[in-house]
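To keep things clear, I will list the structure first and then write my remarks on it.
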Amino acid sequence: MATQHELDELQDELNLLIISYLDLFDEYQASRAELSRALSDGFFNLAQANFNAPNRVRYGEDMYDNRMKALRGVGIVVDENDVTAYTLKDLTSPPEVGTPEKADPEATSNLDGSDLGSDKEKISKSADQGDSDTPNTKPEGSEAALTLVNPKADPLRWFGILRPMALGTAQTNFVHSLPPIMKLVSTLSDIEYHEKSIRSLRQTVRELRKELGVNLIDESVEEPETIPGLDKLSISTDKAGDGIIDYDRSEDSRAAKGG
Amino acid sequence: MEGLFFNIHSGYVEGIVRGYRNSLLTSSNYSNLTQCETLEDLKLQLTPSYGEQLANVASPFPTSTIAAKATEKLVQDFRYLRAQATGALAKFMDFLTYSYMIDNVALLITGTLHERDTKDLLERCHPLGFFEGLPALCVASNIEELYSIVLVETPLAPFFKDNLRSADLDELNIEIVRNTLYKSYLEAFHEFCTTDPELSGTASAELMSDILGFEADRRAINITLNSFGTELSKSDRKKLYPEMGKLHPEGTLMLSRADDPEAVRLAIEIVGEYRSFFDQGGIGQGGGGIGGGTQKSLEDVFYQKEMELAKGTFTHHFTFAVVYAWLKLQEQEIRNITWIAECIAQNQKDRIGNYISVF
Amino acid sequence: MAAPSSYKDRNFLAVIGDEDTVTGLLLAGIGHVTTGANATRNFLVVDPKTEIEKVEKAFDEMTARKDIGILLINQHVAERIRYKIDMYTAAFPAVLEIPSKDHPYDPEKDSVLKRVKKLFGE
């Protein structure tokens, strides 16, 4: 036999789910902004490189190398709720010995953008050390998937050895676009899970309320559609065109604003 | 005295080239272009110059289409001139095409290395750099064959000399091949301009000597700046500097030892007139990243100077140099328009003014 | 719950986009061409002249592959095959629309953001 107390608990649980769901949208927006920034910087530097090109070349499809092999990829982990986490993975490192099922801890540790050196710098260091075929030793921790170990595999080489610095900068920008991509798809999976849970929990709440014979206009029970703060939620257009929606949640100072 | 006889053979060509020069975009034209909000607007604004080529371009179009169409016009104009040219002028204009041939050969060699279908790449070759043996390069299925065909059957054969080995072609060696070819080409062109009986002692010889000398210097500087942090060794780098120009030999010696932009600056400063470039240009690479407003990089400053030299040739009559100058100015115009188009397409108006304009 | 076998080999990203987008992502090291006679690519360069069938075919092939974890596609290209993308329901690979250099991210076209409205019946 259902009780009011149970109903209240479920209602609380629902509220928490909804808040967490809305937080995910903040994260989604933030990742979208980060992705937009990285890509637009990359495109602009690519244009700059083309303007500065020493040889009338255009840095594009003509120079792609058909021998290319992926250096960076994705690692996928699915938890018991079917929520999928995507992480950036260094595909040049040797396969894990002994633990093929677990996600590689080094490659999936937090990808701290501030540790990034440009690929060009990393390459010059290895080149100076005189090894042209460096063994695949992994750099530690957060840099694992964002630095290249083997300079000969660097796609930058397809475009010539003597190339404008802007091309290298563009490469760094595009590499920086990968972590937000990972974040976006992971967040999307989480969002889907939340939606499923919210819908099913709402259903349960409705049934419970029916069972308790709750009067629908009884104000002591809140409708899930009037969560405090939700009425202040307004999604307007992205006027500035910078990938950020003007997203107003007054109780949340982390609202995605600015750019 | 050459003025007396120049017009008999080359007067018409000079006249046409001056016409071409007069339809190059001016600062105020460029200013109008930068005001465009969309690529459609830009296309409209370019109608006086490239109307015929752009007429059938359907929207939306990628920014690269503009360069492609403008190049079509350049090729058309050049071919018309070439058809009228005789004697030393014809040979002079052939020399102009060799630099495009070098580009095409480099493209095809790179394509072979990258295991691309070279028949596709043939379409991407610059039309002015076409020569009879070029399609034959595509028959080659590996670097060895490519190399032996190129050596024998092309106008570029004299530029290969003996410093190129066919073994182990990779990106580094291709870059060395390309730049070595270009160095030989510049030196041969310079030799032609100063020693050919029709040209020796004329204004053409003097002007071309200056212009080619400056280009040699500019290349040496660019090669040096772009080589930092790459696997191009200093000794290899040194071999790529043309043996001409004001920086040769002391400046190029210093450049060959340079490790950073500061050392490049010191090398350049030994030439008096280049010293002032540093007041205008920042040190180091242009466009290394977003920001920096409209500060001109060292490379931009040198490009600017090269364009001014080109513009200056038109104050002389009866010289072949105007053909060379027009070609360079036209190419820069195409680069400028492409840059402006990119800034419009990407909505990045801050640096839209970074083109190089001398009219 | 999804079986590990359905996703553990999905190590590649793939991209369908305009030339600069593909160039950029290839520079970032995600490009892969398989060796052998029928080499397959995990990228497709699309320009305004590219036929829709070619784009659809690439989308089908890339989503059918077992080694791709994420398929990236320019938002403006996705528009051309919107019906296909809307009908796409597989868990893997994930499909993500990304901006191009001349079509910045448009939240109005982002179906993800419409989901909040759907959920709260606005």
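First chain written, first letter: the chains are A, B and C, and each begins at residue 1.
Please note the rule applied: contacts are C-beta pairs under 8 Å (C-beta built on N, C-alpha and C of every residue); 3 or more make two chains touch, one makes a residue touch a chain.
Not measured: the values here are computed from a predicted model.
Between B-C and A-C, more C-beta contact pairs are found at A-C.
Comparing the CA-atom centres of all chains against that of chain C, the greatest distance is found for B.
Between chain A and chain B the centroid-to-centroid distance comes to 42 Å (mean Cα coordinates, whole Å). Taking each chain's centre as the average of its CA atoms, chain B and chain C sit 38 Å apart.
Chain A and chain C have CA centres that are 15 Å apart.
Residue numbers of chain A whose C-beta contacts span two or more other chains: 40, 43-44, 47, 60, 64, 66-67, 241. Looking at chain B, one finds that residues 64, 342, 346-347 touch two or more other chains. Within chain C, the positions touching two or more other chains are listed as 19, 101, 104.
Those residues of chain C lying in contact with chain B across their complex are 18-19, 47-48, 101-102, 104.
Here chain A touches chain C in the complex through residues 21-22, 25, 28, 32, 35-36, 39-40, 42-44, 46-47, 59-61, 64, 66-76, 78, 80, 82, 84, 86, 89, 91, 101, 148, 154-156, 167, 170-171, 173-175, 177-178, 181, 184-185, 188-189, 191, 195, 198-199, 225, 230, 235, 237-238, 241-243, 245, going by the rule given at the top.
Those residues of chain C whose C-beta lies close enough to touch chain A in the complex are 1-2, 4, 7-8, 10-13, 19-33, 39, 42, 45, 69-70, 72, 91-92, 94, 96, 98-101, 104-108, 110, 112-113, 115-117, 119-121.
Those residues of chain B that touch chain A in the shared complex are 64, 67, 100, 103, 106-107, 110-111, 113-116, 121, 124, 126, 171-172, 174-175, 178-179, 219, 222-223, 225-227, 229-232, 284-290, 299, 331, 335, 338-339, 342-343, 346-348, 354. Of all the residues in chain B, the ones that touch chain C in their complex are 39, 58, 60-64, 342, 345-347.
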